[in-house]
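Following are the structures in question.
Each of the next two complexes has subunit A plus one other chain: subunit B in the first, subunit C in the second.
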Partner chain A sequence: MSSAAIDPREDASPGRNLAGRVLWRAVRALAVSFWVMVIAFGLIRLAPGDPVLARLGAEADPAAIERMRRALRLDVDPATQFVEYFFGLLRGDLGRSLENGRDVMDLIAQSLPVTLWIIAVTVVLGLLIATPLALVVALTRRPWAPYVFRAATATFLAVPAFFTALIGLIVFGLHWRVAPIIGYEPGFPANLKYLWLPALVICTTLVPVLARVLYASIVETMGEEFVETGIIRGVSRPRWYWFYLLKPSLAPTVVLLSYMIGVMIGSTVIIETIFSLPGIGRNLVGAVIGRDYPVVQGIVLCFGLFVVIVGLIGDLVANWLDPRVDLA
Partner chain B sequence: MTIADRPGTDARRRDKGATGSAGRLGVAVGSAMLAAMLLAGVLVPWLSPWHPNELVTRPLRPPSMEFLFGTDQLGRDVFTRVFAAVYRDLGVAFLGVAIPAIIGTGIGVLLGVSRNRVLVAVMNSIIDAINALPLLVIAIALIAVFGPGLVSIVIVLAMTNWARYARIARTRAVLVNQQGYIEAARLQGYPAWRIFVRHFLPNVSSETMAYALSDFILVIMLVSGLSFLTLGATPPTAEWGAMMSEGRPFVQQAWWMTIFPGLALCWAGISVSFIAEGLSRRERAL
Partner chain C sequence: MPVRTYARVLLASGLLAFAAGSAPALAQPGPNCTLATPADKAECATIRMVIGARTTSLDPTSGGPSTDYQPMYVQHGLLYRYDENLVPRMDLVGSETKSPDGLTITQKLRAGVKYSDGSPVVAEDAVFAFERWKAAGHSSAFIAPITAARAVGDDTIVWTLASPYPDFHHAIASHFLGIHPKKQINDKTPAEYFKKPVSAGPLMVTEWTPGSDLMVLRPNPHYWGKPQLQELRVMVIPDPTSRLLALQQGSVDYVYTLPLNAASQVDARAVTVFNHPEPGTFMLAVNRYDGQPNAALRDRKVRQAMSLVVDRKKVAEIGFFGIPEPACAYAFKPGNPYFQCSLPNEGRPDLAAAKARLGETQWANGFTFEMIVPARPQWAEAAQVVAADLARIGITANVKPLPDAEISTRIRARNYELVFFRNAVQTPILQLRNWFFPGGAWVINSGFNDPAAAALLAEAGASTDVPKIRDLLRRLELMAVEDSTYVPLTSQFSLSGIRHARGVIEAVKPGEYLFIRTNPPLPRG
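And now, the complex of A and B:
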């Protein structure tokens, strides 16, 4: 990424060859994952006062306090706690819920697919809307088009998804009754019935960002000489659109999209709550209200690792689309 | 950020020419909208015959001349409550941007200048890790620790949001550090604090301030979003997100309970968004 390119100290990326750069990027992702793990671990230890007392109340039975302290492994010193936590993670052990004793890993394995489906449907829908929109605005000759485009995207950017969700619920769910307002059915394509409205709602904040970057890079690409070369060589229209115009323009969008997926995880938390979808985000809200620390810790770690992996994939795909994109 | 940094990703070619006037229009419209809201935030609670938390009439009355935005499930005037929330929402959001911006800019500049490679490498990956976690997710998780409330939101934002500013400030400080005027200031024997305050801060903060404006929109949504999830403002506090959350069970009978606070929230967001948009266009025109 560009910030690294201008920083002379970070120019230490070993090897100029592709494999070396990919490896270097993966090592950086691992380092970030480590710190994400430390943050997830540190969350409940960071609390001012005693997290056990915060959950049970000051007048709780001392025996119960002692039991919970042992359940959270807060009775041993932090270094031992961290080592246990780390090796637990390697075995896939994230601890148990304080609320109902459920295995946190199970809970995540069960609810993560719902969230991933929401994100997948949103990304597909977002690209399907944003790409033609950006192309039309970039290729039209009407002078007002870019201004209307900017004003409209600036407006949509500032409307919170949970407000759009409530309006969607009122209009499509209650008034026209074309979308179910509650419930979920796993399995493609049955789940699409429940996912199209939530995905559309998240798209109201995703599409403006995507379309803007895509528009800007299409305009940028149109200034390149190879685009004109394509026209002069007389390549077919579809070929020209993809190889000469879109493919080189998509790289910044892909990097942005991988970043936006991280932001979207934040919106899914609220959207899942509004549409009562049994995803991981709704579990997080429930766990926070119930102060179920192992669940909070596990879900935060899961989200963090997911974002790191998506970022890694995004950079690699961008590099494939446009090899000029810097992987370091 | 890194995408925005890339020279040429803005639509310069297309926008050249008329940019200045459109930018000014954006700033003017946005400022007018924001000013109107701030003014109403003072006037409405002051002129209103009712207190925001007062039970004035029968619950769930639709909007009328007497109760412009209707009444809520307890019979409170939604109009008074929406405008009583202006300074609470915008004030919490302002603190949630200003404190991280100051902390982050400071840390970022120090990292950009520091020659301690180990410290810089460790801090960089901590910053990357915080930024890897979606702001809303880490904020929700920290609320589990600090407990719900508007004060908790400000603390949580101060603890996490600085990392975004630190990353921008660090990148910028590395560039500034290579400039001749820093060298000149050092050769003249100015103390480090003076170089930091007089030479680094003004040149770095122009960059972080630009981000702060767009961040303000996100933080307004974050504050009300957390309250909507009942993790922020607690009843009976008049706060947009909390009001929408209270109105949600009544959405079928009493749409006004959720729609009007939501529109106020959009109004605030859009006004800042227009200002940010206009300013970024103006910079480009220069």
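And now, the complex of A and C:
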């Protein structure tokens, strides 16, 4: 991060027209969501595979296939389906699952909290590990430390999450028996029993990325004059760590984290399947396999909205940490 | 230095997480339900069973995936119910008579049969179930010979058949004929009723939301037999490896469709891993429709050469870990009274004969085609073994694994050259009808058309004379070998694992019907 020689303790102006910029971002978010919805609608229909045959199989009776196609309104042309879907969406109706007839909104409302909990636990765990790690490596005087750090983070990044998940299940679930392999209890803190291992697994890819970016930022910040000024002024250690070192270094990490959260919601698809967690990612897998159009559309739209909102929050936090981050 | 503090906090968090997770609920099998307990002596408390996909509907006519059938089957009222060996036994039926010409079957319900809510099961409910099945159009070949069903009073059902029907009891033991109260379904809507249906089967649903991960079933207090388990918790683990790990850990008791190497992975003192032979056959099916672009596959002798060169034992051993049996006939073997080997050399490969047969065609130097295969565990590997065998006579098979939805669509659109698949139905005649009788699923899929084969099947399907049926089916199989539109490979199977007495609960025709042992048991004979 290229910090100018400013004192970060100064309460920099949050920027004029902040509300206007946030509003503008919200409008852009809506536009993005619309296109996400259009793309989701189109892509799932372009994917090879018929939802009725996915349900009934290759050995189904032709009459039963036709009957189900009519019952699910898959016999009408895609343009009509889109118009019906779009106007339904305006009324807050995401449709019903072709597979089990459940309201897609209900389905999302039931499974999204599980996924959000996985992400929340992962982010907290990730920050708890990545921040001190980056700090220690940046501050250490041992010359080999950065090399070991880079090698270790590269190694973790190279290992796919599903493999780490299986190793985690075997080690923590089977051998040490400290993690359940199946089940989920909603509600904090009971859910932590089921979430800590999945979160730890996702952290094996999140922490290396966060720690490396934060490490680079801290090293850059340490070259700034105000860091030494803090020491000369004799500010307390905790204060120095936060105001002089971490706060000016965190903005890129926060922006990256908001991006990583978007990526993470995708990786929860694998994690939820392996850990049998009833999250939205698993619903998406089932819906894609079964070509359950309304569920796929609803979840992808939800993912899109989530990524846009998290991006906006990330930018706001980064702007608070470093007012030079442009919200527009 | 706050790093030390961080380290302490991390350590404390780790310890907390360990403490929180260190009490996984271990199996509570009940007072008399261990691996060593004979099934008929076992009394099990809760059994936690794992299936691979969420149950989407309990409506027998919903046409949902076969993974729905298992939890569905144990809570449906059924006139006949499959036992653990896939033999249909009287369940709600107390007695049955057949007219001398075999065209009228009269069934009397057991005295006093009730649903789980205490309301009586009446004959009209069975007729209603039959009508719903007929209207839904699923597996219509099963009920094609049944022309009518009518209720006579509250306890008698009269079935009228178009011809004698040896598979009649199999047809009515199907989950499609799940009996539920007509009045309650009509008072609500089927969708609403089947969210929490009453039961005339051994178990009833006490907790379930469509599409959720858990279904809890308990014994139906009004069922005529007492299940040998007190609670069945049906859970979902989509990943096969995670299913195996959960079984090894002891957090579940019964799992079917385990990874095929499961036997070597588990502690045999705690878990029994076993194979369910299924009524089905893995096979290759050639697209015989005119639009199929590969001319070589249209040549009967080419198909015969392919069948001759395939090493079925190798497919079973390498592709499927030695669990299934190599096929020596089209029809499945387990429990099939008409079974007899029909493939040349009992299905063993004959390279010289295959080369000679191919040499009689214009494709003596080989050709290339695409073999599509569902991307299910080990199917593509088995297809690769077949491809390696075909390469020995110069035929190049490009194996292409595809998701189920895409495979089904391509097959129905006739957009394939050859597919690696299976044909599974619970009776041999129906399985052969699938392949060779007009309207059969694989006849529709492959374009097979041979009136002589259809005539043999029609005659076999209307006969009750076992030697005659055997002879007719042997002739049919020889015709099929000659035609080789389908190339049978191995038997079908599924691998299960259980931590308790085997046989208290059993996946019959795995993935579809679930058997629950009761006391008294389903009547034999």
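In this section, the second predicted complex is superposed on the first by the 260 of 328 C-alpha atoms of A that agree within 3 Å, B and C clash if a C-alpha of one lies under 4 Å from a C-alpha of the other, contacts with A are read in each partner's own complex, and residues count from 1 in each chain.
Note that contacts are C-beta pairs under 8 Å (C-beta built on N, C-alpha and C of every residue); 3 or more make two chains touch, one makes a residue touch a chain.
These numbers were taken from a predicted model, which means no experiment stands behind them.
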| item | value |
| --- | --- |
| Contacts of A:220 with subunit B and subunit C, given as first, second, both or neither | first |
| Partner chain in contact with A:174 - subunit B first, subunit C second, else both or neither | both |
| Contacts of A:163 with subunit B and subunit C, given as first, second, both or neither | first |
| Partner chain(s) touched by A:182 [first = subunit B, second = subunit C, both, neither] | second |
| Touching partner for A:123 - first (subunit B), second (subunit C), both, neither | neither |
| Touching partner for A:280 - first (subunit B), second (subunit C), both, neither | neither |
| Contacts of A:36 with subunit B and subunit C, given as first, second, both or neither | first |
| First (subunit B), second (subunit C), both or neither touched by A:269 | first |
| Touching partner for A:203 - first (subunit B), second (subunit C), both, neither | neither |
| Where subunit A meets both subunit C and subunit B, residue numbers | 48, 51, 54, 166, 169-170, 174, 273-274, 285, 289, 291 |
| Sites on subunit A touched by subunit C in the complex | 48-51, 53-65, 67-68, 97, 99-102, 107, 128-129, 131-132, 135-136, 166, 169-170, 172-174, 177-184, 189, 192-193, 196-197, 237-238, 241, 273-276, 278, 282, 285-286, 289-291 |
| Of all residues in subunit A, those that touch subunit B in their complex | 1-3, 6-9, 28, 31-36, 38-39, 43-44, 46-48, 51, 54, 146-147, 150-151, 154-155, 157-160, 162-163, 166-167, 169-170, 174, 213, 215-217, 219-220, 223, 252, 255-256, 259, 262-263, 265-267, 269-270, 273-274, 284-285, 287-289, 291, 293, 296-297, 299-300, 303-304, 307-308, 311 |
| Contacting residues of subunit B [partner subunit A, same complex] | 1-3, 5-6, 8-11, 13-15, 22, 26, 117, 120, 125-126, 128-130, 132-138, 140-147, 167, 171, 174-175, 217, 221, 224-225, 228-231, 241, 244, 248, 251-252, 255, 258-259, 262, 265-266, 269-270, 272-274, 276-277, 281 |
| Of all residues in subunit C, those that touch subunit A in their complex | 1-3, 6-7, 9-10, 13, 17-18, 20-22, 24, 50, 53-54, 56-57, 63-66, 136-140, 191, 210-213, 235-239, 241-242, 245-246, 248-249, 251-252, 402-412, 421, 423, 434, 441-442, 444-445 |
